[in-house]
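Worksheet for the structure shown next.
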Amino acid sequence: MKFDIKIKWCGRVTFGLIFFAVTIWAGERREIAIPDIPGYITLKCDFHMHTVFSDGAVWPTLRVDEAWESGLDAIAITDHIEYQTHKEYGLTDCNAPNKIAKNLAEELGLILIQGGEITRGQPLMHGNAIFLDDVEALRVPDERDAYKKAHEQKAYVWWNHPGWRMPNEIPVWDSVHADYYQAGLIQGIEIVNEKAYYPLAYQWAIEKNLTILGNSDVHGPINELYDRDAGEHRPLTLVFAKKKNPGAIKEALIEHRSAVYHANTIFGREEFLRPMAEEIVQLAERKVKFFSDRNARMQIKNNSCLNLEVEPAKGDCPVKFNKTTIPSQSTGLISISGDLKKLADEKVTIPVLVDNFMIGPHDTLSIYLEIKLVDGKEK
Amino acid sequence: MKFDIKIKWCGRVTFGLIFFAVTIWAGERREIAIPDIPGYITLKCDFHMHTVFSDGAVWPTLRVDEAWESGLDAIAITDHIEYQTHKEYGLTDCNAPNKIAKNLAEELGLILIQGGEITRGQPLMHGNAIFLDDVEALRVPDERDAYKKAHEQKAYVWWNHPGWRMPNEIPVWDSVHADYYQAGLIQGIEIVNEKAYYPLAYQWAIEKNLTILGNSDVHGPINELYDRDAGEHRPLTLVFAKKKNPGAIKEALIEHRSAVYHANTIFGREEFLRPMAEEIVQLAERKVKFFSDRNARMQIKNNSCLNLEVEPAKGDCPVKFNKTTIPSQSTGLISISGDLKKLADEKVTIPVLVDNFMIGPHDTLSIYLEIKLVDGKEK
Amino acid sequence: MKFDIKIKWCGRVTFGLIFFAVTIWAGERREIAIPDIPGYITLKCDFHMHTVFSDGAVWPTLRVDEAWESGLDAIAITDHIEYQTHKEYGLTDCNAPNKIAKNLAEELGLILIQGGEITRGQPLMHGNAIFLDDVEALRVPDERDAYKKAHEQKAYVWWNHPGWRMPNEIPVWDSVHADYYQAGLIQGIEIVNEKAYYPLAYQWAIEKNLTILGNSDVHGPINELYDRDAGEHRPLTLVFAKKKNPGAIKEALIEHRSAVYHANTIFGREEFLRPMAEEIVQLAERKVKFFSDRNARMQIKNNSCLNLEVEPAKGDCPVKFNKTTIPSQSTGLISISGDLKKLADEKVTIPVLVDNFMIGPHDTLSIYLEIKLVDGKEK
Amino acid sequence: MKFDIKIKWCGRVTFGLIFFAVTIWAGERREIAIPDIPGYITLKCDFHMHTVFSDGAVWPTLRVDEAWESGLDAIAITDHIEYQTHKEYGLTDCNAPNKIAKNLAEELGLILIQGGEITRGQPLMHGNAIFLDDVEALRVPDERDAYKKAHEQKAYVWWNHPGWRMPNEIPVWDSVHADYYQAGLIQGIEIVNEKAYYPLAYQWAIEKNLTILGNSDVHGPINELYDRDAGEHRPLTLVFAKKKNPGAIKEALIEHRSAVYHANTIFGREEFLRPMAEEIVQLAERKVKFFSDRNARMQIKNNSCLNLEVEPAKGDCPVKFNKTTIPSQSTGLISISGDLKKLADEKVTIPVLVDNFMIGPHDTLSIYLEIKLVDGKEK
């Protein structure tokens, strides 16, 4: 019982309908607590998802509901252009999803970017093109032509899930990739897709200066794929944009201003991740009072949706502490030990490895916390 | 990335597909802890739901996933025959949902019953017909003819959400209902639909011997409509069947062997609810030891998915206790007070009102617990 | 295995201990999202709790752990002076809890205020005195003398749980209360204690200008009393203080600058609650775009730990909407209906009742939201 | 406000108390879904915990509340005999906890066994003795004498947390242990304590035929130590007893009939774990219908509190499947692939490694599932 019937019941009435605004299936929106960084807004984006118009199980408006509910700023619906499992029921128009969903997106203030997934064979397999005006124009026989058609529309294009269907999920950089890359046909690469992370793709992105992306590639309802109550979340492409609009997103993607949020971890360049981590990981109070000469506790605030994992970084550290988890949006207690009496009343610098920030496939970000130990017994 | 690609990559490969079994979006199944009753299996059923083939937002197979995951035994997909919001995209065939979903249902062991929603004007508005062979045959100009067409196929038919779109959601029994009822065109009535309960419909069901039904009428993903983590659940028609098969369900519906599970409450006839309640609400031990002459505690086990609410029933009770909640699948402590010393070593009968069982719109079921008080101090 | 043993195991060692800092049983701290108001810091306080030193079940340091973990700013441990169930084991010193807990409180940055509960007979029953230097000094034969002794120490004193043990939990204002009140022996009143709310006490507080308090009176572990995962929370006395220190708390209590947070509701004077509500309940965007001439949705942000309940306030409102719940820390969608075309491009003022704010026992706070409707179809 | 006041208020009343039964801080009990095995009841026990009578933070009755709530059958409170941090407040009597808690335990039907922790230096450090009549009798100067005193009372005695305070938490079997073991002074060993698992201790237990134990050693509230909502649980000693009484527990411990439940895993001898696993892991239906010649799904029911992890065991298996998690009390879908057409209508045996059952420090239990594949397309 989802639609409105004219209430003019005098004996027998004829059947009539007043159309509601588009139905919403979502409940309420929760923001994703990942902060902006100096100079940029951090937009939370998912640029890869499907509907009944290719091989998905949901109607396009639901993707808007889900994104609004999940706290996203921008999405692209990217149905397969060449792989459509509901042809028998007439669902083949790759421009339809955007047309169906755009009013709802505008009403809710969500940025909806038109896109499609170029779905061809190995070695390149799948690429996403977004900022398209006409997805159907990419339905051409030759794969390379499809990519060229995308660029004729000034699309932004990347290589999807590079390890998918490869032996052991390990991607291979073939001459085809080299060719497309040199021709500027591929501008970015998914280092995360659905629940898979491809460290080698991350490595290539750094070496070849490709923009990194992480997207859900969701086909069914998003909440069936990621169990929010178990702490799971869809992967996101974090776009560091000057403004919150489609043009600023495109500019940022072209200029490689992105990071990926996946499985409680943020992947990206140090220039973006360092200011973000310093905003998120903060001492509750610089002054740490001790009542035992060997042991004290420092309080670290976690202003984010991450469950932080902190541990001592390599290098000189005047105190010891163990690896500790600080859950999202809370303050953790880190037990520190050492000759506190000797260190008292001086500035003590503690190098901390924050395992949630990966500035390369093998490099974890370190930050520095400065505390001042104060003897609580001396009063 | 949901489909399978032939892995024969030697240089350039042609594109090829091996079809998987139908994709599943669900995770795992949790049974609904509502027990069988003597002589019957208690089947958990939802006979009213929609897909993209009328005004819903999901593909038919998803309804099977969701039902399997939720612990259901049987469902009917009942798209609107006359109200279809995706006509522009060719989605009008009311026989399609069943055709699309049936293999998956069979694979998972879920009973899928073909149905449709006859969607007309006031006063009858909407009726569901299930056990249909051809839903499209009901697409006729006259409303009464549509119901007749359903019965020609030996369908089971009922009046949906009787209070919907009525002033204050209060249903009215019009001459049209009287006519259809007397003609045998309507055999049951939804006393619960989505999140609404219609006590007046329950009253009519008792007076006119209509089968009671409670269904979700879900249009979007089921987990968007009911927040399982907040303890919400979809309403169910509980069918007391002799076997777990479609024929036994039809027989039970015709013979009025049903109850409705909604909002932590079970509605139905005392003959079904009493044995169910006695199975669910049990003393952990009949012997209750006391160490104070005025106070003791009895332990009541709740073997069900209900959060039980128990309170003293009217009538003589030798001990006092307060209204208490016993959460699902747990044992509660009920503090009792009275002259325990005097009652010791005798059989004490405690009449208990179980607020979760409604044997009429105004009647709550009472059961009797028998304890024996034992003085723990005397050893 | 909670203490530290000297690790010098060479053959047989003698037993030795290095004392740790006081053991912490708590995990991590979560702040309580209730904002400051202009001119004041909103301190979250619980001024009534027990330990093994009267009839509680926990050691005093645990009260500090629990309070820190729960996001509190200040607590008072107030063991019963006259009612002590563990005398047999020597636990009678009402100054001990503060002495035991103070270092840990200082280390964690929690304000710990020394107090005690004067535990006498009816009609006054129980009163709390805090900011005491010596709780034991109140252990005198006469009840009125005990209160006088408290004031000699410049304590702050109030009447606890006024309805407790009264028929139907309804408090009575006896001549004893009148006498103590007029003599200045009682300066405040608990309108909430543990899980009970006393509307009559709230009425008296307004009429007699008594400071309102709401406290947990916890005896066992706090997480056994309130189920955080079910959304329960301990009641708090919200103190509107100029600074975060004991003196500022005392000043605020004397000047009646308090509110009570209980069961998802804040009770207090409009002068404090209005700015708080206006900070918490905010439009996500003033501009509301509509795509149907009759229906639109406004987005309301809830920047607090409350699950907000909003509904139309009495008075002229150009649009209709239903009562809606906006969960904590999320943005809700409120469906509004009316002649939107006519209202477009004008300032529309919507009076909203926020059920979570009670400015008197029968008075709910109203706020006003200003939106501007914009026709999304006109482009 | 936890105690009862005589309600005879006529003017001024004298102060009077009617004692309640012992206060309960617990809510409700949830059973632990670990089944009995043929010939034995599986009792859920925690034989190591502390109170304010040594260095714990809670009153003894709370240990009974917590254990009842957690679904336990038996506990022992085992305060340190030699390490007591609340001596200043007179809390030194190691017989007191049992005396205080026994009536409540009896009322709730929980088995309470008197015990104490012999707390000496390295290398043996700490041992627990239970089934004691007088814990204080163990307060003797010599460590070996203390153990002998325990055995004079026919106690059951074991070595606690063998790796604690050792470099890298690795236990060492010293000549002292050899001596005590040969003298029969130590009959068992904790292979799990609090959150630590000692594989080497498990190895010794197998080699030396020591009874294995796993206990919480809890000092603060149990729910602060293990986050139930995050799926954590206290470790348990599972005792395979002929009856549910103290004597049967002692007999089982002496006869090495125990297992340990820790961190979602059960450790113990194959003779106990195999029948348990076969009871827990069951096919929902033996008949598996397939609709694709290469892919099908089998449904496995998990009748336990474990989150099962199943994967293919080594050895011949006619079908492939991936490692899969089946959450507690649910049915999982295991995707299997192979030449199903060829295997159809035959008995297919699938060897399954169940990672949750460790029959040795390096040995995981395998079970065998028998399915029959049926072609769903042939009808």
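Chains: A, B, C and D, in written order; residue numbering restarts at 1 for each.
By definition in this document, a contact is a pair of C-beta atoms (placed from the backbone, for glycine too) under 8 Å apart; a residue touches a chain by one contact, two chains touch by 3 or more.
Everything quoted here is computed from the prediction, not taken from an experiment.
Undergrad: Give the chains in contact with both chain A and chain C, ordered by label.
TA: Chains that touch both chain A and chain C, as defined above, do not exist here.
Undergrad: Can you check how far apart chain A and chain D are, centre to centre, with Cα atoms defining each centre and the answer in Å?
TA: Using C-alpha averages as centres, the distance is 41 Å.
Undergrad: Residues of chain D touching 2+ other chains?
TA: Only 26 qualify.
Undergrad: What is the shape of the graph in which nodes denote protein chains and edges denote touching chain pairs (line, ring, star, complete, other)?
TA: ring
Undergrad: So which chains actually touch one another? I want all the pairs, not just one.
TA: A-B, A-C, B-D, C-D
Undergrad: Can you name the residues of chain A that touch chain B in the complex?
TA: Interface residues on chain A, with respect to chain B: 1-5, 7, 9, 12-17, 23, 25-27, 50, 52, 55-59, 61-62, 65, 82-83, 85-86, 89-91, 93, 96, 120-123, 125-126, 160-161, 164-165, 167, 193-194, 217, 219-221, 223-225, 227, 229.
Undergrad: For a test of understanding, state which residues of chain D touch chain B in their complex under the given definition.
TA: Answer in residue numbers: 18-22, 24, 26, 28-31, 103, 106-109, 284-285, 289-292, 294-297, 299, 326-327, 329-333, 335, 376.
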